[in-house]
Structure formats: C-alpha cells, structure tokens
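Same chain, two partners: chain A is paired with chain B first, then with chain C.
Presenting the complex of A and B:
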C-alpha cells in the first residue's frame, strides 16, 4: 500500500514538472503561435545549469559549486532565457515551420554538446550528485517525497497563476492578436517582434525552471534527458489538453504522463520478453498516434480555448 | 482654408524589375474623402501599403501632419493617427469581436508584462474605460450585438465594419480604406457609408480605394486615378465625370 502511495507521489511529482513545461509551451504556441520544436533544449539548459551551480563537486569535473537551490535554479532559468533570447532574436522573424526547424536544430545541437563536452556536462554519463533543498532537515524518504511534491506543486501553481494573469490581460490579448494575424496587429499599433520575443523568452524560462526542478528531483541529468522525445511528449500533452487553455495544458500533462507510464508498465509486465526490447519504440509510436489522432478528430484539445463570452 | 494632412512626394516602389508605383506625388486635404481609383494592378494597394508603413518605399517621402514619417512601420504610424483597413478583411478570427476592438488603443498599461502582472488595479480601471469606448464604437458600426462572437464567424461585410471599428479605437486623423464596399451586401454597405460620412463630419480624413464607380462618384471628392503606377488624374468628382478619357482608358467600365 505504502508502495503504491510512494509511487503516486513520484508519478505526480514528475507529471507536475512536465505540466510546468507544457505551460511554458502553451504561452509560446497556444497564445502566441510560436512553434517551438526544441522544448528539450530549454528544459535541458535549465537543468544542466542548475546542476552545475548547485551540484556536488566531482574530481576533474567543472561545476559543482554547491550554491543554494534557489540560486542554482535561478541561474538555470536565466540561462534558459538567455538561450531563448539569443536564438529568438535570430529566428523569430521566421514563419511557423521555419521556426520549428530552427528550434529543433538548437535542441539537437544542445544534446550533442551535452553528450560530448565532457569537462562541462559529464558527457554521455551525465552529471549526478545534487543536494536537494532541505534534504538534511527531512530525514524520512517518504516525507521528503511529499515535501518535494508540495514544492513542485507550489511552483506549478505560481506559474499557472502568473500565466493566467498574463493571458487574461491586455498583454495576452496582444499575444493572441499576433498569433492570429501579425500584420493586422502591427497595423493596430502592436509591435510583433517585441511581443513574440518576450513570449518566447518567458516560455523558455518556465521550461528552464522545470528543468531545474527535474535535476533536484533525480539528482541527475544526462544527454538522454534532452532527447527529442521530450519535445514530442510535451507537444502531445498540449495538443491533447488544449492549446490556448492553461487548465488544458496541465490536464494534458497528467493524462499523457499517466498514459506514458502505464504503457511502459503494461509492456514490461504483459508483453512477451522478446517484445520488451522494443518498449521505447512502441511508446514512441503510441505518442505519435495520440498526436495524429487528436489533430484529426479533436484539434482543439479536451479543454479548448475559450473565446469571448465567459472568458473573463 | 484647406490644409494638407498627408503629403506624398516622388513615392516609388519596385518589386524586382517591376515598378509598381512610379514617383507618385499628391496631397490629401484634411477632412476630405479622397477616392483612389484605377484598374487592377495600377498600384493602389501598394501605394496604401507604403503610406501605412506595411511596405518600405524604394524612393520618395511621406509626410503626415507636417512630420516626415517615411519608412516608419505601421505600428508607429497607428500611434501617430494613421489607420488602415485591408482589401480582404483580416479580423483576429479566434478572438471575440469585442477583443478585436479592445486590442487597438495604443499604450495600454496592461500591454506590458510588468503592467499585466503588477499594476492590476490600474489595468482594470483602464480596461473599464476602453471597454466603454469599445462598446460605443461597436454600437456605432452596428456590431454591438455581436461583441462576444468569435470574429472569424461573422460575415465578410461585418468584418469590414469590424476593421473600421478597430481603426476608430486609435482616434485616427486619417483612415485608409481598401475597397470597403467590395463584396458587402447593400444594407451593410449603406451603414458603412453613413458611418464614414458621420466620421468625416467629425473631422476624420478618409482615403478610399474603390472599384465601384458609383460609390466613388457619390461619396468621394476629390478623386485621384492611378494607372501603371502613376497618377493620371487628380481633380474633383465633376472634373472626373467630365473626363471621357479617364473613364474609358483607365476604368474600362463607364460610370
């Protein structure tokens, strides 16, 4: 029984971290129409920098500065924002599909750096050893798990409330106008370049924050955490939940993460041994099918964007 | 007595080897409703796009209320009192009609991240004021009942009225209308004309591209004709009507 509860806490923590990422993407895609094909890059940037700043020192390894967690994660968030600002300034004039390709390229490049710059990132074996916040004060593992879940949920709630305020304000109205028709928005006095860049940077910083929480949760980060599958999972979550709806984004994160873990569990338990080798690819196919199916039959998601009446 | 509000000098735009607008110089009088006519491909919309800041001129200058505004982008021009509508309406489809209009006022406190997050009292007060104005303007263009509808679901004629409403939120001095009557059913077109004339009485200057000669001759004065990127006629409606060459050569269809 306690095993089940611990597992649920573990599951909810990871789902909530992913929900934060999905909220970041929802600001970019759902409200601003920016096709970020490199979600993993900004998540990973936040994660690696948080690890470098707050992790334990290792011989022969850069980083391990043991900074307090809030400082370390702030550094991760800032770095994710700088990365977004740099590539955003270069690429945000591109139309949707080109922006997707450019950001996907950023993610692939970053994964490659993580895999090869051993002095900085630990290479393929990654970086481990992270003093989790208040770890020493909460001895019991289960209680610590609950505490960490509460911490992640608090960050999720703060991000949710902040984003809701933003998107329901005149700022959000301007973002949606740019999503709908950039030239028309410009003819009404709005500056699309500024708004697109801001939205891209803020969304990416939110992804970076999730990366920092992820590092504290696992006390580990490796290049496989930056693989494109993360980007696809997050997109599936947003599409299923409902782009342009923050509640939908959170719902989608929990649903897809549940489906993902359940499918992994089912394959491991019930599939014949020979097939278990292919658990990963089978899960990839499943997530791809979910995205395609949703786009075909309910492109607006489970909780669609609300327009006009009752939105306020 | 008359005052020039908008002045173009030698305005030229090339697209590769094609000279779409060729050294156009003209003055728009304040409080006029100037009709801009000419056959398809004459360069009317290109001229509009340059004046409204959507296209950079290859050569030439644009002066608005005495200030050189050549090359300013359309967001800056909107803030300076020049608004435009599009030939094919461009509503923000997945936004309500009301939100389309609420968007337009410049310099809203809640339009910045800091304002939206931390100055919520002031934003709420501003919103209340903007909302009242938006409701008035929507009523003025007879779209009040559609305020909460998605803008993508209203008719094409209503979209043209919506574009006019959006433009009005910026309290513009000059409004450029690109074929406001095209494809609009007669009753909506009549409303549109009444509203244009009412706004004109209040001092708004209009420049209107229109193919419907009947519309131009009834509601516009003076008239400017473009052909192959050049001004080929400038004068009063009476002069335009008296110019057989103009009607035959450049408009094809007699009025």
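Presenting the complex of A and C:
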C-alpha cells in the first residue's frame, strides 16, 4: 500500500514539473503563437546550470559550487532566459518558422555539448549529486517526497496564477492581438517583435525553472534528459489539454504523462521478449499520432481557449 | 584536409539533393517541414527492399558494375524508390498536410510535421530494426582510385557525385526550358498571379512533392551507397538540409544546391578542428551565421 502511495507521489511530482514546462509553452504557443521546437533545450539549460551552481564538487569537473537551491535555480532560470533572448532576437523579425528551425537547432547543439563537453557537463554519464533543499531536516524518505511534491505544486500554482493574471491583463490581450492580426495590433501602437520576444523569454524562463526543479528531484541530469522526445511530449500535452487555456495545459500534462507511464508499463509487462527493444519506438509512434490526430480532429484540445467571456 | 574537403563535397551533394525539394515546399506551402528529411530514409529503405527483391527475382542483376559496388538491381531499385518516395510524399500531403492547410495556419503545419516525422521514423525502426544496414558489404573493400595513400576516393563516391550533379542539371533544364518549369517558377514567384495565368495550383503542389520525394530518395540512396543506413538517417540530415535551405534563401533552388555543398564542406572541415561529437551542431552554427549576417540567405527574398 505504502508502495503505491509513494509511487503516486513520485508520479505526481514528475507530472507537476512537466505541467510547469507546458505552462511555459502555452504562453509562447497558446497565447502568442510562437513555435518553440526546442523545449528540451530550455528545460535542459535550466537543469544543467542549476546543477552546476548548486551541485556537489567532483574532482576534475567544473561546477559544484554548492550554492543554496534558490540561488542555483535562479541562475538556471536566468540562463534559459538569456538563451531565449539571444535566439528570439535573431529570428523573431523573420518568417515565423525561422524560430522553429532555430530552436530545434539549439536543442541539437545543446545535446551535443551535453554529450561531449565532459569537463562541463560530465558527458554521456551526466552529472549527479545534488543537495536537495531541506534534505537534512527531513529524515524520512517518504515525508521528504511529500514535502518535495508540495514544493513543486507550490511553484506550479505560482506559475499558473502569475500566467493567468498576465494573460487576462491588457498585456495578455496585446499578445493575443499580435497572434491574431499583427497588422491591426501594430496600427494600435503595439510593437509585435518586442512583445513576442518578451513572451518567448518569459515562457523559456518558466521551462528553465522546471528544469531546476527536475535536477533537485532526481539529483541527476544527463544528455538523455535533453532528448527531442521531451519536446514532443510537452507539445502533445499542450495540444491535448488545449492551447490557450492554462487549466487545459495542466490537465494535458497529467493526462499525457499518465498515458506515457501506463503505456510504458504495459509494454514492459506484456510485450514479448523479442519486442522489448522496440517499446520505445511504439511509444514514440503513439505520441506522434496523438499530435497529428489532435491537429486533424480536435485542434482546440479538451479545454478550448475561452476568449472574452467570464473573468473568474 | 584534402580528404575532409572531398568527403564534404560528397555529403554536400546529398544535402543539396535533399534541400532542393525542401526549399520549394517551404516556399510554396509556406511552412518549415520537419518531416521532410524522413523522405531520405523512406527512399533509402525502399531501395534496400527493392534491391533484395530484384536480386532474388533475377540473380543476373545482382552482380556489381566494376569498379563500382553498385549493381543493376540497385540501380533499378533506386528508380523505383524515387517513385515510391515521391508517392509517399504526395500521400502524406493528401492524408495530413492538405487537411490542416485547409483549416489552420502555417505554424500548425510545422507542428503536424513534427508529429509525422516522429511516426515515420519510428515506423521505419519497427519495420527494419535499430541496427545499421548496408547495400553491399563489398563497399569496405571497394577499389580506391587515388594513388596518394592518404587520400581515399572510392569509385562509388565519384559515381555518387556525378549522378547527383546530373540530376541537378536535368532539373535545371526542366526549370529553364519547359512549360512545366515556367509554371513551377511562376507559382513559386506569385501563386495568385500564376493561377490567373492558368496554372493549376493543386497540380503544382503534387509535382513539387513528387520531385522533392524523388530527389530525397536519390539523396538517401547515394548516402547509403558509401555509408551505413539506420533509422536515424532522416533525423541526422534534418538540420543540414534546413541549413542549406536557409543559406541559399528559402525558395531558391540554386541557393539550396550551393547551400548544400557549403554545409557539407564546412561540416567536414570542422572535423579537422572539433571532436566528432560536435559535428551534428555544425549546421546550426551555419544557420546562426546566416541569420546574423544575411537573414534572407544568399539568394532569398522571402519576407516574414
């Protein structure tokens, strides 16, 4: 019984971390219409920098400055934001799909740095050993799990409330306005390039924050955490939940993560021995089909965007 | 160093062939197609299958043209693969992209292409396995043409370069000398005006997918002729063909060809100074440089 409960705590923590990433993407895609093809890169940038700043020192390894967790994660968030600002400033003036290509390229480049720059990132074996916040004062493992879940949920709630206020403010209306009709927004004195850049940077910083929480949760980060499949999963979560609806984004994160975990478990248990090497591709096909299927048949998601009605 | 340049020119020819179709699709349908490079993989695997089938049906076809490792069955299989890949490109458009184009914006197409790429790549993995494949094991022992022991040039590599250039030249003649070529360029220039002049847009879209698919299949086969084939082929070529397209300027066929060679040679040269693990990131650096210096590419005129 306690095994089930601690698994549920573990599952909910991971789903909540991903929900934060999806909220960041929702600001970019759902409210501003920006295509981020490298979600994993901004998540990973936050994660690696948090690890470098807050991790334990290792011989022959850069980093391990043992900074307090809030400082470390702030560094991670800042770095993700800087990365987003640099590439956003380069591409947001151009054709809309340049951002997609550039962010996809950032993800490929960061993954190859993570795999190869051993002095910095530990290479293929990654970096491990992270003093988790308040670990010393909570001795019991299960209680600590609960505490960490509460911490992640608190961050999720803060991001959710912050974004809800942001998108319901005049600023949020301006973002939607440039998404719908750039010329009209420009004629009202809005600067589309600047608004897009701000939205892109804020969304990426939220992803970086989720990366920092992920590092504190696993006390590990490796190049496989930056693999493109994360980007696909986060996109599937947003399109299933409903782009342009923050409640939908959180719902989609929990639904897809449950489906992903359940399908992985079912394949590992029931698939014949010979198929075990191929459970990954089967899951990837499922994620791809979810994305394409939703776009074809229900592009608005489970909880569609609500415009102009009801302030809650 | 000379070896690096030679290898780069060869990879460049493959990238160029891939980028020709991509630049036309990106320009005409106005979306960055992340599923496009999977056509290279579809083509290469289709050729692998046809080669085996043809060699089994008519064993006389299976012997290689010396000094190449290329056999008649593989040459025929390549033509079949080009047709099949063109047809799959049309089919994917008809099943998925056309429907999304009808009701949503260009970025939803980008999004859908991500999903399609994931499905195609992993379906190939399920069908053919993770392990790397070769058309012919003889390639490891193929005759080396050069007399300098430090420079390795195989006959197959020379053939690949010539065949790729021939395909590009043929396409150039089609573009500049035939009514179809004029129509294609007209649609790329201004779709509305071309329609007024009696060009059928839907026919042109199908032709662009067919041409792009066929060229990608050839690119996939040419690459596999001298390298290993794995389901990651499409993923590995995705960033290089995008880089070639952006270097050349979206919509410019000649730009894409030049861009392909540039990206190929630059990546191969970077091997001389960087550890090989960083090579996948090289096309990205080229994209960055172009965006900083000349955002619309060498020959591009596409605006936002």
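In this text, the second predicted complex is superposed on the first by the 310 of 312 C-alpha atoms of A that agree within 3 Å, B and C clash if a C-alpha of one lies under 4 Å from a C-alpha of the other, contacts with A are read in each partner's own complex, and residues count from 1 in each chain.
Please note the rule applied: a residue touches a chain if its C-beta (ideal position, glycine included) is under 8 Å from a C-beta of that chain, and two chains touch if they have at least 3 such contacts.
Not measured: the values here are computed from a predicted model.
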item	value
Partner chain in contact with A:135 - chain B first, chain C second, else both or neither	neither
First, second, both or neither for A:277, with chain B first and chain C second	second
Partner chain in contact with A:112 - chain B first, chain C second, else both or neither	second
Chain A residues touched by each partner, larger count belonging to chain B or chain C	C
Partner chain in contact with A:93 - chain B first, chain C second, else both or neither	second
First, second, both or neither for A:177, with chain B first and chain C second	first
Touching residues on chain B, where the partner in the complex is chain A	52, 54, 73-75, 78-79, 83-84, 86, 90-100, 102-104, 106, 108-113, 115-117, 120, 123, 126-127, 147-150, 166-167, 169-170
Residue ranges of chain C in contact with chain A within the complex	26, 31-32, 34, 96, 99-100, 103-108, 110-112, 114-119, 121-123, 125-126, 130, 238-239, 242, 246, 250, 275, 277-281, 283-285, 287-288, 291-292, 295-296, 302-304
Partner chain C, residues of chain A touching it in the complex	33, 35, 37, 90-91, 93-98, 100-102, 104-106, 108-109, 111-113, 115-116, 232, 235, 239, 277-278, 280-282, 284-285, 287-292, 295-296, 299
Contact set on chain A toward chain B in their complex	162, 165-166, 169-174, 176-177, 179-181, 183-191, 198, 202, 244, 305, 307-309, 311
